[in-house]
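Each of the next two complexes has chain A plus one other chain: chain B in the first, chain C in the second.
For the complex of A and B:
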């Protein structure tokens, strides 16, 4: 291993010293921007998570009285302390929106993407550093705008994160559909602009700035996943923007793109006529389905690399892992109709979408078996990062299997808009990526801050979270098969749902348990930044990729005067004949001690 | 021998063994990419713009298929505007030719001509809107008119952005920073400017063939 002390000074030579503000706040350094993304997204996660706890409070005890919360949010509760139904719907919208965009998209591509891309490809920074900084600041602005939707008169929008028209197209359709919905659209447009700037950087940087010897098929899987994700974002987000432009014109310009004739609002026939509400769904889901892969693909890449590190084995079938990710992203553009099986779409088209959707099971299974092949026979090191990457596979499989039911139109028509769907997508595209993000945070924390996170707290966090998420989301399958509707405000309203209310209570209690486990993480994270065990070497996990050639924390400019030269792929763990159980990508020739 | 190396011996799907790992495939990484950073960045941006207009025009095609669709008459001046925009691209090509021949005065002149023609196109589009308004065809009159205003408007916004870019390159031309050896910014800009022609012709055809 290279020494730790010499490097730091060399880095500072390459770039002049900057003041506090330029170094940590208005920085164009990709690592600072990455950490800014991570911490902003964490704040959004706390907000989005709190909203979900409020929802669970209502679902567990629908007729409960919460005088304390009522005193905090007088408009959201009535005088007896019961939650307002409209407020509940705005919680649904804001929880979904915040988590999908402002947590998962932001933390995985914005956070890890910015931090890791130059480090893992052996570059000093992104291709367009200023654009990168601008991307973060626009993202922050979009966070502020979406959060303000909770505070304005009328509250947040009611239509869910999918903002279905015509509800979203008519500002008078409900209390949150006026200012709240306008802020929602503004935030999403800003987020799209920020994401485009990020994606432009990721694609250009990975394709043109790889260091000598780092061919595409030697990239770590994290880099492949970030590249494919950036391409997905590039193709999907502009379509959402197009839909949002048309929606804005419907709301303020009097157009009728999404509004059919004959709607009566407040006792009066509206003037709009001629539009098509399903058009919004098509445009939204053309974006929306790739969006879930924008969330899951980087999670797959991160989990794959961390898994190989802690299994001390090469990832099983690297090339197929890359091809599978490419196949998943290609298929993601021709499956959107499976979100619309009950929308009145042609049943023939439904069958087509069923077939394309089930095709996704093939590359997903390839990936799953390759992960199992990686774990098989390995001497696994159960670090917190390793545990979370294994947990990712468990959750991806559990959530993915129910996707096969939902992708089949015949089964989906029964299960559509029930808690079965809620269980499915939370496991597969929310909790699984969350676990991969946790794995990444425990793993790269030393590289970010020069200290370790506490391992004991990390393991408590893992086991409590792992048990917690299954207690929260597994019973939801049963609730859904039993008929509990998605976005329902009061399950006790329906006789057929009353017998299974005990499950709702169980889920709610589990949700509070799960949330308290995340407090362990937050405390560990922030305390470890200043008080964690110091890292004394460049490569504490004995990993192969290029970021571990740099000191912890990495200085400005990343590498010393010379950029590293790559001689091998990223997965030389336990190579036969080597003296150590790994060979870094920079290890030049055949190790001397080889015997065959 | 480990299971792993046994599998490798059998020539399975596992990656090759770490023998002959002394420099690799001959691929020198990023240096081999055929486009410059700025050019690739521009193509990425253009891809996003393609998808934006693909989204808008797929909405157009879907709504066009509905029975309640009502056509408007596209103002004649739009034909003239189209020619003006095309001429603007031609002028930009003359600017490129001048830079290749090391004629800085020619670069500045042709870029100025291109910019003026671009602005003329925008003025022409505004006149087209005014003509529609005076004929009583507003944004909300029919879905076709809505699309006319939205598509021309979104395209015009991209042209305004392009004019800002033109200003930046023009400044470089004035500072004599564009040489026959290096006129990357002009290359990248003309990619965008010509592309906006293509987008316009696509939108125009879409609106005409209603």
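For the complex of A and C:
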């Protein structure tokens, strides 16, 4: 590999002047691709977030009239300015799809994965740079396709991000289930292909291109998490792709994988026969549960590394952190049935899946203890990145614990498909990862752009977001306990939900507050690219890992003529005897410091 | 920089974080202990078991929640950087890890057993002999309730007979269907009598959700799924569809009347039957 890279590096010297298009647009440089992923995903987040605000508007004031929005989107509102019920459900579908795939999966693995893997393992680029670029461009195409579903006749699909059959398999089952659903399937298939290309690349790169001295057990936790995530993706994405292809066959090819006989739709007997709707759920969740960890694991890795940096203290029990992530990912393949306790699946399976699901709580608890152990006795620097990594712990705990209710099949009978579920998964697999992603953005921004983000704005962003997310998502547990169903356009239609409507109003107002705090971030991010305070050193945060051996921003080829050599683990913060409170991984042996 | 062992510096950010954790704990305790909003009133026999499991999990997770968030808040407030002193350098404690790991596992094993006792009882106890079976058919966006009537036998149903006036495709020629009652969106059941809902769907997946009775079961096209429950409180309740089933999903509501006596229930059946036969 060194030879290839030496060659690569000479190449760079031979052709130092790449044009604007090759350098910033059709680049094969992992850092450019990583930033492309980040910015594309941020655009998708703005879309997905806006959709959720429209949902909150409807849920807070179900009988409200919104003439201004009606004038912007005449098809989505009636003449009195009331939102269309089908449009509300397309918001539900698109918000979920965009956030799970096109924001979180893309930001954490596509964005941070691409940017960080070669930098943190001391390599000059990914193993397959072209494949990497291809993965981004296919991802971008999938973003365009999913967005176009909002614009076509009939609108976006209304079956939710889980696209349960036969609702998803029958184009006549509702508006949006025709062209909109076809576009949805196409986008998901493209996304899956892009994810597979990325995953293959990450695994190869981390396993084969680590620099001298960087053994697996010296990897930063971010790298471990990205490696494990890539393996999960490689095993889970093909199942979704296969299910999507079967769904296409059912829709256009006359097959009946997911459609049983005897369906009467619009008064007419459908010709399909012999399929099983639960097959879709099994395939979807066989992918879908590992997908949850495809989002949360990189978040755990990133948050752990940043937490240690700003605690100025080694991560507590590094080995257990690695084993816990491996255990979580292994278990993630045998818990999918907990999404299906009341689906009509055999109750025997319900028992099995309860046991496997609650097992996941053990490695998750290990991780929580270890984060607490890291903060205990620390010397915390309250940077924006540090605050977001601490916030991550609190949110992961809050969101994780509610999973125990839902994993307990007996309690899930009442809670399934209510806002309790919405509260749980938003906190644990959306908001906690969002906080980790924010920590990562504040932390690696100098490495990406050679400038700092504004710290004051960053802290305003943190505090407003931290208060905001709890105000939005905590009351949702109570709404769910009260029985409010998910994906309900008008909760006031049910008398038993009316007394708690005040909570819906509170959540909606908090959501608008939370969204405005994100504007602070967006302005800070884009203004800082051009006008942020310049970074004058390689390692402004005094961190240990290899990316901080390179200039800010890092040039093509990452490292100088010689690749760095690693002498220690990634967490030598505050080692006794050292003059500074950290030793970079490249620092040669110091007798007084403990070795790893 | 000096090696650390002493206390860190107490910082504004750290204290602010600890205060937010304190507020979080107090507000959640208020919400979950004072219960200003809570489950819909319990109105079924097995529902009491489900609520008990919920409470057990709530106590365990509640303690874990308060302890972890409080520890996090305290550490963050207590261990701020002073600028001239290092953090502690320790990063392993296999003994503590072992105890915490086994402890968590043990608590979870207990929770699994508590939950499974209720789950297995609900799904695997033999169905009561004297139960009334009601065939419930879900369709976009309403519920059909089919009663066997006094003879206790359901009339034959046939999909090819389904039309706007005969939503379940009841074969009028079948002898057993003469006293059958089919009701749209309105279900009556007598109080304290075991009920078995035989759940089907005509089109997409729906979910039969009785919030007060703690009943939830998806209605899947192609399957007939039996759901038992015994209502304990007479009155009017709502039936909701809990699985997204199409554009008008939110309107898929049913009204459930739990009659205070068998007599009232039978009177309703009789009235419904005469509506149908025109007697």
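Simple rule for what comes next: the second predicted complex is superposed on the first by the 575 of 596 C-alpha atoms of A that agree within 3 Å, B and C clash if a C-alpha of one lies under 4 Å from a C-alpha of the other, contacts with A are read in each partner's own complex, and residues count from 1 in each chain.
One rule holds in what follows: contacts are C-beta pairs under 8 Å (C-beta built on N, C-alpha and C of every residue); 3 or more make two chains touch, one makes a residue touch a chain.
What you are looking at is a predicted structure, and each value in this text was computed from that prediction instead of being measured.
Contact with chain B, but none with chain C, is seen for A:208 once the two complexes are overlaid on the shared chain. Of the two partner chains placed by superposition, only chain B is touched by A:128; chain C is not.
Applying the stated contact rule after C-alpha superposition, one finds that A:317 touches each of chain B and chain C. When the two complexes are overlaid on their common chain A, residue A:200 makes contact with chain B while staying clear of chain C.
Annotation for chain A, partner touching more residues between chain B and chain C: C. Touch criterion met: A:375 reaches chain C, while chain B stays clear of it. Looking at the shared chain after the overlay, A:567 reaches chain B, while chain C stays out of its contact range.
Legend: residue contacts after superposition of the two complexes on their common chain; A:148 is shown touching neither chain B nor chain C. Of the two partner chains placed by superposition, only chain B is touched by A:588; chain C is not. When the two complexes are overlaid on their common chain A, residue A:576 makes contact with chain B and with chain C alike. Comparing which residues of chain A touch chain B with which touch chain C, the overlap comprises 261, 275-276, 313-314, 316-320, 377, 571, 574-576, 594. Note for the complex: chain B touches chain A at residues 1-5, 13-15, 17-25, 27-31, 33, 35-37, 40-41, 44-45, 47-56, 58-59, 62-63, 66, 68-70, 138-140, 142-143, 146, 150, 154.
Against chain C, the residues of chain A that register as touching in their complex are 85-86, 89, 92, 158-160, 164, 166-167, 170, 173-175, 260-265, 267, 269, 275-278, 311-320, 342-344, 347, 350-351, 354-355, 358-359, 361-362, 365-366, 368-369, 372-373, 375-382, 387, 390, 393-394, 397-398, 401-402, 404-405, 408-411, 413-414, 416-418, 459, 463, 466-467, 470, 474-475, 477-479, 481-483, 485-491, 493-496, 499-500, 503, 571, 573-577, 579-581, 594. Put simply, chain A touches chain B in their complex at residues 121-123, 127-128, 196, 199-200, 203-204, 207-218, 234-243, 245-246, 249, 253-257, 261, 273-276, 279, 282-283, 286, 313-314, 316-320, 377, 566-569, 571-572, 574-576, 578, 583, 587-590, 594, 596. Every residue of chain C that touches chain A in the complex is listed here, in rising order: 1, 3-4, 8, 11, 13-14, 16-17, 20-21, 24, 27-28, 31, 37-40, 49-50, 53-54, 57-58, 60-61, 64-65, 68-69, 71-72, 75-76, 79-82, 85-93, 96-97, 100-101, 104-105, 108, 111-112, 115-116, 118-120, 122-124, 139-140, 159-160, 162-164, 202-205, 207, 209, 211-212, 214-218, 220-223, 225, 237-238, 240-251, 253.
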